[in-house]
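Here it is, the structure in full.
Chains: A, B, C and D, in written order; residue numbering restarts at 1 for each.
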Amino acid sequence: MTATVYQNNQNYIDFILHLADTNLILAQRLCEWCGHGPILEQDIAMSNMALDLLGQTSNYYDYAAEMIGNGATEDSLAMLREEREYKNLLLVELPNGHFGNTVARQFFYDSYHVLLLEQFLKVKDLKLQAIAEKSLKEVKYHLKWSSEWMIRLGDGTQESHDKIQQAVNDILPYVKEAFLLSNYQKALVEEGLIENPEAFKAAWLSKVNDILEEATIVADVENAFVQKGGKQGVHTEHLGFILTELQYLQRTYPNSQW
Amino acid sequence: MSAKEIDFQQLFDEKIENEVRIEPKDWMPDAYRKTLVRQISQHAHSEIVGMLPEANWITRAPSLNRKKILLAKVQDEAGHGLYLYCAAETLGTSRIQTLNDLHSGKAKYSSIFNYPTLTWADIGMIGWLVDGAAILNQVPLCRASYGPYARAMVRVCKEESFHQRQGYEALVVLSKGTPEQKAMLQDAMDRWWWPTLMMFGPGDDVSSNSELSMKWRIKRFSNDELRQRFVDISIPQAEYLGLTIPDPDLKFNDETGHYEFGEIDWEEFWNVVKGNGKCNKERLDARRNAHENGAWVRDAATAYHEKRKQRELEQEQRKNA
Amino acid sequence: MTATVYQNNQNYIDFILHLADTNLILAQRLCEWCGHGPILEQDIAMSNMALDLLGQTSNYYDYAAEMIGNGATEDSLAMLREEREYKNLLLVELPNGHFGNTVARQFFYDSYHVLLLEQFLKVKDLKLQAIAEKSLKEVKYHLKWSSEWMIRLGDGTQESHDKIQQAVNDILPYVKEAFLLSNYQKALVEEGLIENPEAFKAAWLSKVNDILEEATIVADVENAFVQKGGKQGVHTEHLGFILTELQYLQRTYPNSQW
Amino acid sequence: MSAKEIDFQQLFDEKIENEVRIEPKDWMPDAYRKTLVRQISQHAHSEIVGMLPEANWITRAPSLNRKKILLAKVQDEAGHGLYLYCAAETLGTSRIQTLNDLHSGKAKYSSIFNYPTLTWADIGMIGWLVDGAAILNQVPLCRASYGPYARAMVRVCKEESFHQRQGYEALVVLSKGTPEQKAMLQDAMDRWWWPTLMMFGPGDDVSSNSELSMKWRIKRFSNDELRQRFVDISIPQAEYLGLTIPDPDLKFNDETGHYEFGEIDWEEFWNVVKGNGKCNKERLDARRNAHENGAWVRDAATAYHEKRKQRELEQEQRKNA
């Protein structure tokens, strides 16, 4: 299978943008914590994850920009599209809330993200493979961090238990959009260009349930209702406000170098 | 003083004299310890509070690359805060004590961080001017007589120099940019120049606390000496950026080889120190809120840690039974 | 005195923009309450004030646009200037906080605003006079509303008393910027084109102190430190975020009709 | 039923039959009262919750004029909520009871408001489609048998018609705008068309509660009748905007003179009703938070009112003494 099978494929570009957007928006949310974390060490940890995610974001956008051509750059893709063009998972645009909400969001994303990147290690597209290889170690560390905090908060004090339990309840409808195929994923799976994330859903569920159990958190992840739309650009009302900040300077001073 | 204490004092004085580092377990005079704790924690607080004006622009950074650079920089500052809180701990002051002093308003931090960041150019300006001034203050501290402080400062200074170069580089880009960007750059210069000069503290004629610090080799240059060095270094850099210095009295003195500059508005300086800066309240509120809102998280971590220890102990006992 | 004395005067344009910006930013803050007020009737009242202020804003911008020419419109002035060009009082950009913070902000602005408009009734510029005439009744009603709430909260429960007292303490450094002359005001006063607001400062102070006393709130308004800069475009860090929302669509879709 | 009650019932039935209004002090059957309370408070809640998706765009409105129009519109909705809470009060249900039922999730509101407003075009679309559908539901209510409700609806309908025209006019501007604006318009149509059709409620084959409401002259047309009328009115308006209707099965039936449209996704409808819409949680949280955060304000108002009354009483007593 040659690279051109991927290169001229709008579905594949959309898929790469979906990966980039998801990392970008989560990073942007983590950036909001900077300077306001509950413990200095965790402030640093959250910035670290944001930095990792931004690095991966650049890799994806660069790749997409190369396929798109026409002068597209990582910044034009990151900052000059309309809200309805962003393909990130709804999960990552949810507000930071308190530290427990952020931990829960991170945990559900990380647990999926690790398995997704592991799936990419075997993908035929060498470029995507290379990005996944570079990212995997970082994302495994994110999962370690968020799993440990799930357990600490869940099995800490009564207050922390109640808070993280509520955080999980609230976020539950958003954790499985990742496994629903968007149109472009469906087409790519049918063409055999990517694998179906369904393939690792059972492993994910088992991993997630193990941590929840250790954290003494009760949640029926398997049967939870699934909110969808993010992958196809139909978002929550939160994304619009994220974009007003993210895009402000690029929109205000078009065609400038920074 | 007892005879033993006199011996200790003599030994301490000799070490200072011979530039031998004082280490945590060494005897040291109370006043030396107190001075260090005050200075190190003030410095730590400045790093932590100093995150806020820059963090204000992370979500609005104009490109992914600038976002990464800025985020990494602010994160470094958090790291500096950490080293310094640890250095203060070696003197017997816990982090929570130090933080409480910040939150109660008892401890100070650098007043420069009570100025607002209003445009993207302010971010570069903080890197260039504010970090530049900080470096001049801090490089001599790498040779401070107290070991843990000196070693922390070596690392801090290395990273600060890097930040300063990044800040300057961001400004160079603006200086070559659109008319709007150039105006943004000059405007930031107009707002940051004087507050940066104030960072070196009051003039030598009125500065307190300095003499003993000099004697103890904590401080090695006077406020005015450092300020002059800063001006001499910065003017050519400003000229390279095409900037006008907002000081009509500024001129180069061919005889001394130094720039002479206008009168600093010390009333503004003391106003900001007293709490009347534009952002004093926001900064302190932000730190207090972060701390208070994080209490349940810290409690959970402690409780979990205790539970785990208890469980391991029980397991051990069962194994031995 | 003919209109042209005003028309070609950059200082006068700046002054009118200062009036417009101040009303606009306060209205924008009040808009944030819409749908979230503590009592339905007060939700409506705050929207009402925002609407009044927006109407006045338009009158000022229209006038400024007319003087500026070059295709300036109320929308280009309201939404396409840089942060450093906004000349609003710092007071009005402070965050809504809780209802008490909003009431305190409104009260200190209204009490000044009424007297300012009364001063304008006697100004030589008939256009400004006409705007003031139209606005005065509305603004008097705002002052009635905010004064009554100051008293209700101050003399209500212990909790409400503590909250409004703290709100007043916090806002105190921002309430007198209105009386400091900006460069453009100074020039205009010297030219005799506007009057000095200092002229009604004593009346303002007396009015404010009366209400504070009735509200059992303790505050040394006269000697409070004064934060300044807003009139000359040096703002708090809050304004930038207000603008990201205010300007978003105009910046994202330039040269469009709405 | 006692003889007296039978008389009352007969009188009530006659009034209904003769289209004479029932007023608060009149006797009415319990079930009639309950039905009205449920319907009026549900309607009131829809106005109040319905403020939120539109309020979401006030701070981002694209021009001052649009900001004013939108703010005034949302404010009108708050006003409608007020009339309707008052109408419910005439039936013996206090506002706080009604609100508690909303906040506890017991009372419903129109599901359409659980959809997010994602672009500016959504604001016009809500005005045109959602208010348009609401008007078709509400106009017959101006003749509802219960007086206070009918009179509230007269005022509501008048304002709603105005909003609908404004919404449509905003869309006309988009339809003549840039390609981006046209795309925004079509996208909003694609997302709002079907949810709007669902606003009329389940098909007549499964709809409950309808029969009695018809008999009592609270309701006068069936869900399907109103839905058909809405489609017939809206299609030509959509065509004028240059919109494609997102329904491949849509066609005009020359014989009946009506449009035939595709199958509604009732699973989505019931999902949103059950609480799984994109914004159910946000909407209810927003209302609950507003109420809870406002408790101290309401308490203060009550306390002050009591104090004042007490003071006036004391003054009166002193005067008389």
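Here is the rule we use: a contact is a pair of C-beta atoms (placed from the backbone, for glycine too) under 8 Å apart; a residue touches a chain by one contact, two chains touch by 3 or more.
This structure is a prediction, so every number in the text was calculated from the model and none was measured.
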For chain A and chain D, chains touching each: C
Longest centre-to-centre distance from chain A, chain (CA-based): C
Of B-C and A-B, whichever chain pair has more C-beta contact pairs: A-B
Chain centre separation (chain C, chain D; CA means) in Å: 35
Centre-to-centre distance between chain C and chain A (centres being mean Cα positions), rounded to whole Å: 42
Residues of chain A touching at least two other chains: 82, 244-245, 248
Multi-partner residues of chain B (each touching 2 or more other chains): 60, 180
Pairwise touch network: line, ring, star, complete, or other: other
Touching chain combinations (by label order): A-B, A-C, A-D, B-C, C-D
List of chain B residues in touch with chain C within their complex: 53, 56, 60, 116-119, 180, 184, 187, 191, 271, 276, 278-279, 281-282
Parts of chain A lying in touch with chain D, wherever the complex brings them together: 82-84, 170, 173, 225, 227, 229, 234-237, 239-240, 244
Partner chain B, residues of chain A touching it in the complex: 24, 28, 31-32, 34-44, 47-48, 50-51, 54-55, 57-58, 61, 74-75, 78-79, 98-100, 151-153, 155-157, 159-160, 163, 245-246, 248-250, 253, 256-258
For the chain A and chain C complex, residues of the former touching the latter: 82, 241, 243-245, 247-248, 251-252, 254
Chain A-facing residues of chain B, complex: 48, 51-52, 55, 58-68, 71-72, 74-75, 78-79, 81-82, 85, 120, 170, 173, 176-178, 180-181, 286, 289-291, 293-304, 307
